[in-house]
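Each structure below is given as structure tokens.
In what comes next, chain A is part of two complexes: it sits with chain B in the first one and with chain C in the second one.
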Partner chain A sequence: MATDTTTEVAGGFGQVSRTVGQLFRYLLLAATLFGLVFVTILLVYVANDAIQPLTADPGWHLTFFLALVVPTLAAGAYVYRRDGEAFQTGALAIGLAVVSLMFSGGAAMIFADIVEPLTFLAFLVAVAVPGVVTLAVVAYDDRIPFLGQFAVTVAAFYLSLFGVPGPLGAAAGISSVVPGVFGLLAGVPLAPAPWLLAVLSVGLPLAAVGGSLVARDRGRRARLFAGAGILAVPLAGGIVGPFVGVDPLPATVVASVGFVPPIVYAANVAINVPRERVALLIPVTIIVGALVGAFAVDLAGFAGPQSWVDWAFLTASHSNTAEDAGFYPAIGGSILLMVTVAVFAFPVGVGAAVYLEEYAPDNRFTRVVDVNISNLAGVPSVVYGLLGFGLFVTYLGQPDGTVLLGGLTLGLLILPIVIISAREAIRSVPEEQRAASYGMGATKWQTVKNVVLPRSFSGILTGTILALGRAIGETAPLIMIGAPNVTYSLPTSFSEAASAMPLQVYAWSSLYAGPNFYNKVVPAGVVVLVAVLLAMNSIAIVLRNKYQVGD
Partner chain B sequence: MSGDSLEEALTTRTANAPPELLSRSFFFVCAALSIATTIGLIVLLTTEAAKFFSFSAPLVGVTGETASVVEFLTGTNWGPTEGNFGVLSLVSATLMIMIGSSLLALPLGVGTAIYLSEYASPRLRGVLKPGLEILAGIPTVVYGFFAIIYITPALQPFVPGLGTFNILSACIVVGIMIIPMVASISEDAMSAVPESLRQAGYGMGATKFEVSTGIVVPASLSGIFSSFILALSRAIGETMAVTIAAGSTAQFLNVLNPAAYTERALPMTAAMVKLVGGDVTGGGVAYRSVFAIGITLFVITLAMNVISDLVAQHYREEY
Partner chain C sequence: MTENTSETRAESDGGTTADPTNDEMVIETDVAGATDDRDSTATPDPIIRSRDLDVFYGEERALDSIDIDIPENRVTAIIGPSGCGKSTFLRCVNRMNDRIDSCRVTGELSLRGKNVYDDDVDPVALRRRVGMVFQEPNPFPKSIYDNVAYGLDIQDVEGDHDEIVEESLKRAALWDEVNHQLDSSGLELSGGQQQRLCIARAIAPDPEVLLMDEPASALDPVATSQVEDLIEELAEDYTVIIVTHNMQQAARISDKTAVFLTGGELVEFGDTEQIFENPEHQRVEDYITGKFG
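Up next, the complex of A and B:
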């Protein structure tokens, strides 16, 4: 059978050997799987080192196997057999719960240590007031000339955020006459408890969005009712928190950011997609199983694994002894860096993409920008670090290693990636839709604003999240701009020096190299870092799949 | 870049209205920022590197210690604190990382690309492609840690003379890191090969293997080649993994000698991190050598990107 193909063909219609083809196919499959399997094994190793599941009692494993794993598998198999799509919905629900809980930890950290809830609430209101003014101005679009609208909008934002005369006046040496909305609210002497403020500033917007999503087909009263029901979750978090040993403020934030999105998702499925209600069996089984397992383990006195990724690790700062070292300041630094990067790179990247796709004439400048962006994407990250340091520290005299500096440097680094992916998303908007918009008499800006950007938004978002994932893992630029390897407290402003998760991992694995750090703290840090990245990547991938299907 | 005449006709009249002008200028500034970044990068690197070399230092008004450009480019001894600035020992380490990682990544990457574009079912592709993306998304500092903690100890029984820090495991992790890049760019090129070519092959009685290797791969060769160059440039610019895994002792090694891969070495990127991260304090000649390495690195990677672009454009088969 296994004869050489060419001779067979030359000899006429004979049998063609399939051996070579099959071999080739399996070789290719092996090549494809090599990297994936390799890295999966390494990740299993590092997770094993960090979490040490084998240190737990066999009884602990058995309890959780019986209470959690077996029912989950059974529920999953049942749902999958009934409806494949419902299975996906159920898996998404539990994934959403995990991801939201993770990010709620970060949010709780921000409110507990970086921004006071009162400041945040004041900021929200100070942005909302001129926002309403802007909407009102835009509603009378045809009666006020554009420049007038523009001036009113800018003035409203300026006055609301800074007051009279604000930083412009301060630059001219005039002291503040009237504080803005922000200053007024942030300086209120008798504010309610911080956790109530968090309910107002974080819980209320989420509840409003969630309520109108869940009861979207049922009129205003139902929406209000649903919103109130959802608002009960953060309130309950604040009230119940102290009884289980958590401060009310972080408990409120975790309840708002961690519990509300999955609850809204589940309620949405239950109310609006009756066909997939069976999907909720999966998350319910998992949550009930986990609770029952935890309770049973506690009752029977089985010891859990001696994981290094524990509460102490997540909330302590660096220490020279591996047992006490923690990740808290690094996590906070990374969060602030990401906020800075997103605020800078998202608008600029999308703006550049819109220019190149919608406005740019086909001339030399455009071609130069085009080539330039793809070349910038290939510049090593360490060179961006040099750019950040040279530009902002040497020439502009900024202090080195600050959050702002790091964020701008990383922002410049991911800008080409954001531009390239945003261009792709914009290009995928069908030409007919633009033509229809122009045909209705829309101007270019109206077409961009009403057709192109909304249609490409999820694609742009996907690319931005992936780019942010790249930025959160970057270490070399941060070293080059002089970010400190180790900080002992959270940065409280953007002009303070901050470490970041990958930088802290690098410091532990190089400066504090030794078996203690290698076997305990570094794996724990790697697990946290990779978990955050996987969460971000999976959000991006789920978003993209949804968006591709929707098109 | 829409040059649609209908669109132009419909929008020229309003093109200079204030909202149009304002939004257009904002978008233009955003796009121009990328040019500003490049100019900033080039100006900064050249002026700072000029302060380092003795021939150019007087031009930028720097007096004091400098290094000769000939010594920099031909010397094989790197020791910035002792005033030895031979970049060749760093270049040799970088070259070894590049060669070693490409031996691993190029065949695996192309294999992956062929499998994804020709063999995999849509369902399998839907799983494998995000998997590869995640592979590319893992931070390089994590790869460096993997190399030093798991890969080197695992290799030590098989490779005699393998130290804690070595080039070999750095090559392996960098190779794993650049597989997705080779795979995705090559796969794009292969997917762009028109179906009719494949059908013609099958019509002639070719097997799937013959179509893949005899039609699809040759037709997408320019894309594959440009993916190689981009991946190599990525390997050269790779920083944290090699900093952690390859060690911090600069030595000039014979690139072609397999035994040299068990040695420790200091690639260019690692040397920059080492200099800034602790070796020297600002201002001195040793500090300015960072910018000299930086500009060398920038020029090499830029040249490779440009070459890859040219290859992809000029040798592309048009269908």
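Up next, the complex of A and C:
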């Protein structure tokens, strides 16, 4: 009877029963939260094992509670009540700082152990020079036919990167006559200290971008000034680093990649958005609170938590004793894998998406391709591993387990996801925009280049980052292609074998060397992996929100 | 002769229309009459001319044997009830119909004597000569400047783009409102301003013909009258074809009026004054005075 929807006359209108509807509603809510709650509980357990917050002195907790948590909550509440948008800006600043710092760690790793700063700088210059040539040629495009432009561009890149005669000549047995810009610079015998080179190659571009952002409305001189101010950050990093026990090179990179973006963001808010200046209260409170807390804890001698995720864990390699085991080579391997995956899957996936959405005729072939891309997205990852092994190792004779092989295999794995999400983004460009462009006499290429891609770009990027998040956690395909579970040093090139974070965790979990591996080191690895994943996803989410506001 | 026409029409139409056959015959006869009439008052120099133009969406006929001569440097209004094929006709002129897969066009539509449906006509080149303004304002999410300069950039128009952008914005009666914010996004303008921005964008590369599909339907009365003034001014240099549901608007701004009625027929075409004061066909009069449609 309770489910009866008849009305009873009361107060003139009566009531309509909604019991079933309410029940249904709460069942749906339960279904929504089910997975989320269980994963959260699991992660809390894992984080507890890895970080062991309860091993800290109560005084330690109390100090940080008073110095950091209470002021932060107060500042947050104050800013939120004054201006909801400013609160978002402040939260974003903190998020940006955390994410930048994490990425700066990765970048520092790359510069310390994988790419020489000189090589990187030489590469940058060798790409920039023909880039400028290309721009110049394009500016005169009414006087030079397309094929001429194309030839000049290709020649400029080839000469700059490889010199004369380059790999083409090498294939024909002619040795190098004139080195390219890259060879010339990379071979300079008397180069300044590596950290100064890092300032040049990483800090300078960031300073240029940041300077023009911060002082965008204030003329050339202000922009130069702001840029110089920003450049001081990596310089200071390199100089101060050695005094606090960090090598100057990683210190420079961390200062550039980790400190510059949040500083630029904060400076931009402070200078250009006076209405939201109050937002900066939040990051300032957090930074000051953390410093004060750390200082006070040190003074009072309170011990912090005995976290397994500590500096040693992040910078050491695997060891047979749990206390000494570290994650460093696995982190580096994952970074290199992700770079390879992105370089491969992004252009191919976006290209396929643009073709399918804008060019493909509506015929049976297209529909077959369409359906099968969706199918590919559901193929188990082990199968992709098998494919990678069969294609690259057995058929093309590549060595197993290399970064290149792993990257290509994972790239194949996420390719359908990249394609599907990029198509979604491209499809969300309103038809009226295309009509407007075609109506102006634009060709298909011009419409795609000027209207479709700019409008869908952040959506495409969001989808790609989420797909990369999938790739970074994959284990099975890497096992299939023979990637080593454990490596003791970072790979220094793409043709070297490398482990990856999930592989290393898997190796620890199957290593019966002691309960600590099982109970402590594995959770520590999981915490790092999940933190990287969350950082990537948060970038994607911020991008997506910005993109939706843009609509 | 008129008898003949009506018979063949009735035959060729087969049983596709549900209208009483009698009615249809009368109207068809009248169309033939209208054609004669038009010939006698023929404008010397039609820039757009269609003969026997049929358009189908799949199996469905949207335009039925349209014959029309649109004079140069005049405003031609197209009026008619919803679904009678006005937009379809407009899209024939710049071949935007090519973008609709199910759409099929037969017959002839020529621009300055050249049939635009000939195999050697590049629709992209055609659209550079025939600008279009759509029913809903559709500026790009780019700056105001870049919006107006879009056609100049993609068509590689010679000359000083800054000057052309300024000139176009002035002609679209928008310059005074936006000259201090050319770098801000075109989407930040009001609907009426956006539509005038779209008009500026369409006229910047200096097309020969301007097609406007209900350009004022999304605008308030003030913006509407601004756009109307603008159209009258544009007609000094351009051939404007404008679709509208607003009779007063058609009467006010156009030199010639074409009345399409349901079924995709062009029922009457002639000088605007004559159409509105003394239409030849009862159905046209009924439509104009609001008795149906």
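Remarks
Throughout what follows, the second predicted complex is superposed on the first by the 525 of 551 C-alpha atoms of A that agree within 3 Å, B and C clash if a C-alpha of one lies under 4 Å from a C-alpha of the other, contacts with A are read in each partner's own complex, and residues count from 1 in each chain.
Operating definition for what follows: a contact is a pair of C-beta atoms (placed from the backbone, for glycine too) under 8 Å apart; a residue touches a chain by one contact, two chains touch by 3 or more.
Remember, predicted model here, so these are calculated numbers, not experimental data.
In the superposition on chain A, A:V354 makes contact with chain B only, not with chain C. In the superposition on chain A, A:A436 makes contact with chain C only, while chain B stays out of contact range. When the two complexes are overlaid on their common chain A, residue A:V451 makes contact with chain C while staying clear of chain B. Which of chain B and chain C touches more residues of chain A: that partner is B.
Of the two partner chains placed by superposition, only chain B is touched by A:T475; chain C is not. In the superposition on chain A, A:D362 makes contact with both chain B and chain C. Contacts of chain A with chain B, set against its contacts with chain C after fitting on chain A, overlap at residues 362, 435, 438-439, 441, 443. Across the interface of their complex, chain C is touched by residues 141-142, 362, 430, 432-433, 435-443, 446, 450-451, 454-455, 550 of chain A.
Within the complex, the chain A residues that touch chain B are 5, 9, 16, 18, 20-21, 24-25, 27-32, 34-36, 38-39, 42, 45-46, 145-147, 150, 347-352, 354-362, 366, 368-369, 371-376, 378-383, 385-387, 389-391, 394, 412, 415-416, 419, 431, 434-435, 438-439, 441, 443-445, 448-449, 466, 469-470, 472-476, 479-480, 482, 502, 505-506, 509-510, 518, 522, 526, 529-530, 533-534, 537, 541. Put simply, chain C touches chain A in their complex at residues 94, 96, 99, 101, 124-129, 131-132, 134, 136, 138-141, 150-151, 153-156, 198, 201-202, 205. Residues of chain B that touch chain A in their complex: 1-4, 6-7, 10-11, 14-15, 17-20, 22-24, 26-35, 37-38, 40-41, 44-45, 48, 107-108, 111-112, 114-116, 119-120, 128, 130-135, 137-142, 144-146, 148-151, 176, 179-180, 183, 205, 207-210, 212-213, 230, 233-234, 236-240, 243-244, 269, 272-273, 276-277, 290-291, 294, 297-298, 301-302, 304-306, 309.
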